[in-house]
Structure formats: structure tokens, C-alpha cells
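Multiple structures follow.
Below, subunit A partners subunit B and then partners subunit C, in two separate complexes.
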Partner chain A sequence: MSLADANTPAPSAAPKSSILTTDARTKKRNRAEARFKAYGIGAIVLGLAFLAALLVSIIGNGIPAYTQTFVTVPVYLDPAVVDKQGNRDPAEMAKTTTFGYAPLIQNAFATEVSQNGITTDMAPKKLADILSASATGQVRQTVLDDPELVGQTVEFRLLASSRVDGYLKGRVTREALARDKNLDAAHLDIIDTLRTAGVVNRTWNWDFIFGADASESRPEQAGIGVSMVGSLFMMLVVLVLSLPIGVATSIYLEEFAPKNRWTDIIEVNISNLAAVPSIVFGILGLAVFIQFGHLPKSAPLVGGLVLTLMTLPTIIISTRAALSAVPPSIRDAALGIGASKMQSVFHHVLPLAMPGILTGTIIGLAQALGETAPLLLIGMVGYIASNMPDGIAAGFMAPNSAMPAQIYEWAKRADPAYYERAWGGIIILLLFLMTMNIIAVILRRRFERRW
Partner chain B sequence: MSFVKLSASVLAIAAVSATAAAARDQVQVAGSSTVLPYASIVAEAFGENFDFPTPVVESGGSSAGLKQFCDGVGENTIDVANASRAIKSSEVETCAANGVTDIMEVRIGYDGIVFASQLNGPEFTAFTPADIYSALTAQTLVDGALADNAVTTWDQVNPELPAVEIAAFIPGTKHGTREVFEEKVLLQGCEDTGAMEAMIASGMSEDDAEGACMAVRTDGMSVDIDGDYTETLARIGNNPNGIGVFGLAFYENNTDTLKVATVSGVEPSTETIASGDYPVSRPLYFYVKKAHIGVIPGLKEYAEFFVSDDMAGPDGPLSAYGLVSDPELAATQASVADETVMGTMN
Partner chain C sequence: MNDMRLTKQDVDMQDVKISAKGVQVFYGDTHAIKDVDVEIKDKTVTAFIGPSGCGKSTFLRCLNRMNDTIDICRVEGSIQLDGENIYDKRVDPVQLRAKVGMVFQKPNPFPKSIYDNIAYGPRIHGLAKNKADLDEIVEKSLRRGAIWNEVKDRLHAPGTGLSGGQQQRLCIARAVATEPEVLLMDEPCSALDPIATAQVEELIDELRANYSVVIVTHSMQQAARVSQRTAFFHLGNLVEYGETGTIFTNPTDPRTESYITGRIG
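Take a look at the complex of A and B:
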């Protein structure tokens, strides 16, 4: 301190401010800084809290969709019902509809219930409300696939109805069933007994991840698999179209185009397009591709084309940024040793800009993957994703939905069981988006060069 | 330049498949979100039982569906339009102008419109159309002149109703349900309260009086819901005093959170609607392009399967979901089998 004292001139008349003692103004400035930091931390904490709340609600609501309740029932495949002609010909046997199979399953289930020591005065038809409406279709399909099973007693693992499933998941309570005409409290007592007997059990449900959509009356059967395939085909179209077109546009604008009023207008418009609401692209797609171009409705090809329009500006902007980040010395060096303009771009600039381009493309794809609004207008929302496309061509052209459109559709269906599936679908969608973003980050980390 | 090769080959595949897919092999359906659940149940069972692929059912509303339906004839137009109201003569004209002339009208059954509130909310258990009209109308006749509706709580309308603020969530104007609500509830209530007579007596023309009867207040006590019933349900969930308009099927799937009110003393159920006792119900339809029968595989089979006893009958899955079965189903089945088209409308 002595040194400081020595250097400080002797205090004159008024006490001067010192860097060692903080005066009122400095204190005020320091407080302002501390406050600002606190605001920043507060904002981050708030953001993290929202994120945490979001993740907790998504996972909490969505995880139950990944397990499903099944009932194991041995069904006697009565030849008098399933094969009236007795010739084991699947074409003839197909004449027995799913409605014809209903009594078979109802009786088999009633037998199973009584064998577990349960006495009930419910009729088999009423009792079978425990089972999903999909049971008849499942048994019929098994029989048609293997006519040799006729006459045997085959053990089937049938889906339980969504309310039974909801009961085991704690979503449906006994009080609520008092007003529900679909299921009685008596059904729940039977389920409790069957559960201890191991006939009813709740297991992991692959069909949710790989299955097709189901109608409003069978939420227990619905899966996101087909719409996932729809999203995949759409992303293929987006990638294959938007990457070459976007990169070519950017290279021309960045490296070759003269700087004049026209290129300025184009640049401004590309930036504007990036901010256009996606629904606008949906209307455009409806008018251009479906009404004018006569492409089929609800086809992933059309969805991909619409999303391409939406993704192009994103890819062009990020590609141009990546290209302009390559220092001019690289171009000059290439030109200096006699390379043509095109050689300098394709041999030197483009490879160096590639990590940035790919990152931009992946972010653009991730955006397109999560987009629902334009798909509403080209007919991809509804009960659409019911058939797994057979082959590549059908994958592009046959009606299909997309993951976000499927989630939206589930969220607005009446049965509360669909609500859980919508959350479950969101988990899958988020996993895809996260994977894509992580790939983008890794690409950037590994290959990006800074000058 | 693997990009170029790759994109060229994929474009080629797409082009080839575009020609291959020109022959569409599944039935395409669009329209009313009220009919969508029924259509999806039928489509699913159709896919299970027939060799045809499962039909595709889009939602979007009756008007949007009929607009698409009337876009023209051909494989890139839809085959069936679902509607929660009958087709309008203006729509038939649009159809005809675009070459869609032979239209089969198929009535699948009836749907009830119910008033429901939060399970633990106030005792909204009985309404009459007059109560709803008095609570929700935009303007009332005061001393021979129209004045803004001054009613703010339900007990001002009817002392038997709870003394809570009016908060109604009714379907927006793009819904077919809104029309039924206006005609069977507001207009009926207007006549029941004598307001309509008074308006005409005060010198208004009949059309103006009807318009005034069906105008809903816009001061925030009544909220138009343009989304689906799930949105109405969410609004009711946030507002204990809220009362919402739902379809019967939606209510029956959400009895764990909703409490339904009687209308004019009748409890809504498939039975009371079928008997005609419950006043607020409407027929549901789908429309088939006859020109597509024989071109689109499975179209006629789909229409016949929809109205078959197995599906639309009183014990069928549609009825189990909440559709009120049509007592004249047999006549509908016959007209579908004969491919009877609609007569010219005036």
C-alpha cells in the first residue's frame, strides 16, 4: 500500500475519487451490472425450467404409450364358422367377415374367464368389451394366412380395449366408469382377477413404433410406423431436390453472378422466402402440384415437393454463408496457378464449405420433418396412414401421412387414449430431431475449418 | 457429381412411379370432422374384410370436403365427401359446372348435439332452447327497439340455473354443427320466448327477425370454437363455469370429465335421438361420385359396406361409437345398391 500512497498526490481540497474506494457512481454501475447478470441468469433458469417442464410432461404423458395391455386367449377355430365349405381354401374362407368371427372370440373369452374361477352374469358379448375391436381382424388374418389352423385351438395374444389399458395405466378410474357405457366396474374386477392369473398383462408395444394408424374406436391398435415411413419418403424428396438446387443456386449467386440490381432483388427475395409462413407453401403446393400438376393427393411426393420449397431458402442462405466464409486467398491461389473459375469453385471452395452446407441442410431437413401446416392443405391429415406402402414407387405415391401430421390427428381425436399416443409420438419425433441436430453438431465440430 | 446422378435417378423413379400410380387403387374420402370417426371405423373394417386397400379418410369440414368433391371427375379428385349437413343447391350447381353430375346421397344415421360442462362445475343439468337463446343472443328487443343483450349470468335467464357468469363455447361458423345449433336451438328459443313474434310485430321483416334470432353475442360471453371438440373440451377444462357444445359421440367418449345437460327435459342418448324426443339432432351424410363407380376399385363396395347392418345397424360398431342408427337404413341400403342419384334440386 505504501507504493500506492506514494504515487497518489496529496489529497487536495475536495476528496477526489479513488480507484481503491468505490464512489457512489461506480457502485451504481456495479449494481447495474450485477442486476444485468442476474437478469441473464434468471432468463436462462426460466428457459431451463420451461424445458424441464416440457420434457417432464412429454415423457410423463408419452411413456405409457409404449406399453400395451394384452389378453392371452385360446380360441377354438370352429370349422363350421371359419371354413363353411370345408375345403381350407383361403378365398372361400375370406367370405366369413370379421363380424362372423366375433361370437367365436366372445365365447372363447367367456370360457377363459370361467376357467379362472370367475362367475359372472354378463353375456359373452358384453364380457368381450374387455377385448379390442381389433381381435376379430387379428384372428381372421391369422386363419387366412394359415388355413391349417382351422379346427385347432390356438392361443392368441389379443389387444385389450383402450379403457382396460387405461385402467392398468391408472388413466381410467372406477368412478369414471360409472358414467361410461363402454365398460362397467364389474369388468374391472374380472380384469384384476385375470391379471393375477397372468392372462392379462401389460408389455412393451412394438406395434406403437412400427404399426399403422387405427380408427377412432381402436386407439389401442394405433401406431406411428406408417407415418414414419411417409416422413422418410418426404425427407428423401426434400434432400434429393433441395440440396442440389440449393447448392447450385448459392454457388452461382456467390461465385459467378454479377452484382447488379437483379441479383440484389433475388437475394432479398430469398431472404424473404425464408420467413414466409409454411402454410403459404401448402396453399402453393395445393394449387401447383395437385390442381395444376395433377399429382395425387396425400402423396409423400407432393408433401416432399412442398417441403422442398420451404427448405430451399434455409439451405441457400446457409450455403452462401458457408461459401463466403472460405477466404478469397483460396480462390486467388487456385486462379493464380491457372485453374478456371469453375475448377477453383468445385475443387477448392466447395469442399472447404461442405461442412457448413451439410449442417445447414440437416437443420433445414429437421425443420421440414417437424412441419405440419403445409401438409394440412395437401390432404395428409386424417385417417390416412393405414397401409404400409408396398415398394418404393408406392412409398412416394400412395397416400400417407407424416409423423407431425399423425400426432396432430391423434391429439384431436375424441378418445382420451389417443391423447397418450400423441405424446408418445412426440417422443419419437423429438428423438429424430435430436439425432439430426446432433449429427449437424458433430459434422460442424469435426470438419469445420476456421481461418 | 454423384449428387446429379442420384437426383436424376430418383427423379426418374418418381416419374415412373407417377405413371404407375395413375391407376389409383384406394377410395379417397374427405369432409366433415363429425363423420370422420365413423368413416375411419368403416374404412378400417373395410380394409380388413375386403381385398381392396384401406380407404383414405381426410378431415377438414363438410364445406371443404364438398368443395373438393365438386372439383371435377377423375382420379385426382376425391370419390366420397362426408358431410354433417345436406349438400346445398349452390354446391350442386358448382358440382355440375365442373362435370360432377350424378351424385349419390347416402344418409348414414343421426348425430345428437349436446350441452356439457365440467364434471365438478355448477349444476348445469337442464336447458331449454329458450334459455340458451336468451343467454346468447346478440340483441334483445327492449321497448320496441333492438338493444345489446344485457344478461350476464345464467340465473337472470332462468332462476333455476346457477348464478354464474355466462361462458359458452359454441362451434364456429365453418362447422356444420353451427347451422344445426342456430336452427334447432337459437331459432327455436327465439320462437319459444316470443321474441321472434315481437320483432316481427315491431316492424322487422321475417328474414331480418330470423337473422337477429340467430346472431350470437360478440361481447366475449360466447366464444366461437373453430377447432375440434378437443379444443372445446380444453376450454371447458380451464373454465369451471363454461358450457360447451359437443357431438354425442364425443361426449360418450369423455364421460370421465364431462357432465351432460338435458334439453327440454330430455337426456341425450342414442335412444332419445332415434325416437326424436331429443330436439337437437341432425342427419349425417356421405356423397358418392357415381362416375367413379367401376373406375375406382372398391368404391361401391365401400358405400354398401358403410350402410350395411353389420356397420351402421343398431348393434354395429358405429352405433357403439355414438351414431344414432337410421330407422330407414334398409331404404338407404337399397338406394345404394341401385346407385340411385340425387334428383335435381331447386
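Take a look at the complex of A and C:
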């Protein structure tokens, strides 16, 4: 066959295929691709739907926790009751207990009710069921803080009881009260009238965010503030310990350690540690830090140590990934001009790996912030965080709770008023997590060198 | 440059800078370099040529102990720099690498400014007493790297923003900034276009005045153009070593002849 022959097209027996018509095989492939895309879109839509449902339910259930019902009552602080000695000495006045204050408040409230044109045959004591049991404590504390108020009529903004709060939020109905011995339907009539009169009103409640936890019978008083402080101290411990230890470990393993059987074993074990159930870390913390190390129970320091153990594998894995993503040519370049191994790592490799390391650390911290199970075993769950820690040292060493533990505790309690607070707490926890993730993104953007 | 020039290239008898004797390199069980003896002269460009995988890059990396960074690599024999064995136990490879600089196949500037790229070496070796000193070193190095005129107005721009050829000259400038005595180049032009290659080759020729340059190259034309002495590696053996003109026009070993005429490789 000559060259000229080779250039002439060979006559083909089959009709020449046109690219304008799609053949069966192509159609089949296109259909498969279209199906695959549809599955993908379906999965994303489903995921978004679940996310939306989650957010709607959390916000719907949690928002009421941020408002609280208050009753405005002028109380005459009778010197004969609150200051029996008459010398305005807080130490002496403290001898009058909250029980002593109860009649004062009951009578003041009964007066307030009758002044609003309500006639009732309920005794003042029964009538005062509308108020929170914490009302006496609140009035007493105000008096002890400022003895000059004794003998005056002071207007107090007292917490209403959780049933009343529930009634205003639509949680408590008249039918439900028939089975409730705390409050009667008659109370609700009074509340309706007082509400129109402006004596009872529902307003924003900062105490939920900054306040302390309360006993099981006083949900209206409970706040997440103290356990938030507990979480803060825990996160400080986690950050200060896990970042340097995790990064140092990763640098050693990734850049310096010889590759042999031992380092392989260590590597596998670190990966496995990341998958160990967190409650296992909790029992380890109990055994090592509390039983062996004699650290105080329920202390944020111990919680932080346990969470550090849990966070380390996450940080190590992400740091190693960030380090190995740095091109080897950078290491060669540094070594080639006579930099030592350590100089090449700290001057060149580490800065390039920084965004990845920071992201991993913050993700690890966020994970630790939301962890509840390990705290169960070291006594942070179930501890009623009713007092703010007294100073920095106490912040680490004094018993406290943590946000997720507090939420768990509330969800566990019988009173439905606590249910709402659990959801409210979740909103705060989610806000914290979102903030941390946003910080991670910002740091990433800031440290990432595009050149 | 044509072939006629090759034979006329004057090869001054310079001092021996690096002398390798009986060098063996093993990667795990693989015997990568087999009993290589080479004497590299000062103020000379020496080219290592040979087909892929023949061990020329491996041997080059032995000369500044870059192979130390590979765990499974083992080197036997002796390599002497100015009469001192660089594999002696007392030698710190970091100190050695400041004397024997290296330029890599792929331009690898640090993701820092042009200035900092050059200044890094002098800084870590304490070559500059003050800022003015350092500025001077940076300018001198960039001039030696034949890139000063292109970057003098943007010394604080990122080094990675330069073109490939400029980046490679920046890397050469970075290597000379630490005042090395020997400059090793591992296929410095393989990632560059012909124009950038020509610029780098010209630069190599100028560097010969001050340094002993060892260059690994895949391109026989490049070896012929820039080097005074050429070593031909094949399957881990040093087949032939001599003046570039002789190797390319009158090789003694049949394998060398086959390679340079394109029959093996």
C-alpha cells in the first residue's frame, strides 16, 4: 500500500455515525450520571431538611427559657421582723431566716392583689404560691446588702413560680392544674387580672445566661452562667495542655522520629485513641487524677485534664496531616542552604502548616466543649453549680459543672420547666461552637499564604 | 555554541576540590551506586550525565550528605572535601551543607519575600553583622544570580510570584548567599523553558569563576555547553569520566558512545 492509498478514506460498510444523534450507550451513561447527580442533590436536601428541623425545634423549644415571669410587689420591710435588735447590723439581721421573711412577702402580695380590685378567699400563704420559693431569699439578700432599706416600703421584682411562668408561656393549662396541688384555677384568674394591671409580666431574663443553677423545685431560678464559667476554665486547661503537647508530638513523629516498627505502633495507637469512646477517658481520669492523684472531685481542672487526653489524638492527627501537606521541596531548600533540621521545621514547615494546626485545634476544642460522658465519672454531672467560683484558683479547683453537663442535668429533672431550660442551654452551647468554628475559619484565612 | 568549540575548551589543571573513592550507596537492598571514584576540580563545571535511574542524582546528593535525610539510605567509601572526609563522625552535615550548596530540580523558593529568601541563609549562619551588611549580601547574591535587575524594585514581593526561570535563578542566588565553596545542581533547568534555560546556563558559566559547580543533567547538549568535565553514569557505575570535549567526541567506552549517540538511555 502506497502512501497515497493510505491517505484516501476506506469506504466503510456501516453507515457513518453522526455526532448529532446520541447512541444507546451514550444515552445509558448520561442517564446513569443524571441519576447519580439526583441522589447527591437528594442527600443534600435531606440533610438540610434535618438541619432545619433541628434548628427549628431547638430554637422553638429553647427561646422561652430566655424570658421569665416576674411579679412586682411593694414590700414593707418591717423592722420588727427583719431587724429585731434594731441596730442595722447585717450580722444580727442575718439571724432572721427566709422563713421569717415569708409572712412579710405573703402579706405584701395579698395587699397588692386586693389593691388591684380582686377579692379572694384564699389565705395570703396560699395566694403567695404564685411567687417563687426563691422570693424570700431574694428579699432577704437585698435587705442584708443594704440595711438602710429597713423600715421602708421597697418595690421588689420577684420571680413568679414556675407554674405561673408556664401558664404565661402556654405550658401550663387550667385542665392540667386540676391534677396539680401547687396551684389552682383560682390562682390563674388572679394572674390574668394582675397581668392586665401590669403587676405580673414576662420579660427578658439575664439570670438564665449569667445565673447559677437552682434546686430541683425552683426551675424559675436556674441559670447556666456558673457552668459556663466551669466550661471556660476547662477549655483553658485543654488549650494550654493539648496544643503544645499535641503539636510537639506531631512535629517529632512527623519530622524527626525514625520510621520503624515502634513509631508505626505509636501511630496506629494514636489513630485508635481518637476512636475510643469518651466515657473510657472519663474512667481513666477518675482512676488516675482523682483516685491516684487525689485531685478534687468535680473540679474543672480534672475535667480539663480528661478532655485534654480526649482532644490530643484529634490535634495530633490534624497537625500531622498539616505537616505532611507541606511540600518536601521546602524542607530540601532549607537543608540545602545549611539550615539544621529544627530550623527547617520551625522556620519553614511549621508556619506553612499553621492554618491546618489551628483549625484542628479549634475543632478539637469544640469537640471537648460539647463532651458530657467523661464528666459523668469525675463528678461534674449532677453537681449543682449554685455558686460562682471565688477567684482564679477556685475556678480551676472548686467543684463546678460544665455547660453540656448542666444541660444533661436539666433534661434529667422531672419538672417540665427544666425541659425548656435544657433547650435554652443548648442554644448557648451551639452559639459557642459556632463562634469557635468561625474563629477557626478566620484564622485559616488569615494565616493561609496564598503564595 | 557548536561542537567545534568543545575540543578547544581549555581545561586548566585546577586543584582537586572533592575526591570520592570507592563510594557505594544502598537504598535498603538496592545497590544504587557501585564503587564510584571521582575527582572534582575547583573552579570547574563538572557534569553528571546518564539515563534515568543511573544514580547520578543519588551520587550528587552524597556530596553534601542530603541522603542523610533518607532513613534507608546507606553510604560507604570515602568522599573528601579539601582532603577531609565528609562522612567522618565528627562532621556535622549542617555545617557541611553551608559549604556545599545545592540547587534543586524544581525551583523551590520559600514562601517569603525575595529579600528574605536570600537573607535566610546568611541570617542562620550569622554572616551579616547588621542590616546594612545583610542588604549588601542580598544585593551581591542577587547580582551573582543574574536576577538583580529584574527584582531590585520589588525585593519585598513574594519569591513565589516570580516566573519559573526567575525562581530558579533566585534559588541559585540563595545558594550562593551562604558563600559555599561547591555548588551542586540537580537538573536545574529541567522545569524551565529554553530561554530561562539559556539564562541559567550563562549564569552557571559565570559561577565557575568562583565555585566548583557540579551539575546533573539529562540534556547532553547542556552538558556539552556548560561543563568542562563530564562523568557518564550507567546502572550505578561510573562508566567514563574525563574532559567534556573528549567524552563527546572520542569516548573510550562503547556504552558512552551508545548513550551520546542516542542508542541507549
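In this text, the second predicted complex is superposed on the first by the 417 of 451 C-alpha atoms of A that agree within 3 Å, B and C clash if a C-alpha of one lies under 4 Å from a C-alpha of the other, contacts with A are read in each partner's own complex, and residues count from 1 in each chain.
Heads up, the rule we're going with is that contacts are C-beta pairs under 8 Å (C-beta built on N, C-alpha and C of every residue); 3 or more make two chains touch, one makes a residue touch a chain.
On a predicted model such as this, the values are computed, not experimentally measured, just so you know.
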Who does A:340 touch here: subunit B (first), subunit C (second), both, or neither?
second
By the touch definition at the top of the document, which applies to A:117: first (subunit B), second (subunit C), both, or neither?
neither
Who does A:329 touch here: subunit B (first), subunit C (second), both, or neither?
second
In the overlay, answer first, second, both or neither for which of subunit B and subunit C A:170 touches.
neither
With the two complexes superposed on chain A, say which partner A:348 touches: subunit B (first), subunit C (second), both, or neither.
second
Partner chain(s) touched by A:198 [first = subunit B, second = subunit C, both, neither]:
neither
Subunit B and subunit C footprints on subunit A, overlapping residues
none
Note which residues of subunit A are touching subunit B in the complex, please.
94, 97-99, 133, 136-137, 140-141, 172-173, 176, 179-182, 214-218, 236-237, 240-241, 243-244, 247, 290-291, 294-299, 301, 376, 379, 381-384, 386-387, 392-394, 396-399, 409, 411-416
Residue set of subunit C touching subunit A in the complex reads 64, 66, 69, 71, 94-99, 101-104, 106, 108-111, 120-121, 124-125, 158, 160-161, 171, 174-175, 177-178
Interface residues, subunit B side, partner subunit A - complex:
3-4, 6-7, 10-11, 13-14, 16-18, 20-21, 24, 26, 28, 30, 33, 36-37, 39-41, 43-45, 47-49, 51, 53-54, 56-60, 71, 75-76, 78, 227-231, 249-250, 252-256, 310, 317, 320-321
Considering the complex alone, what residue numbers of subunit A touch subunit C?
258-259, 327, 329-341, 343, 347-348, 352, 449, 451
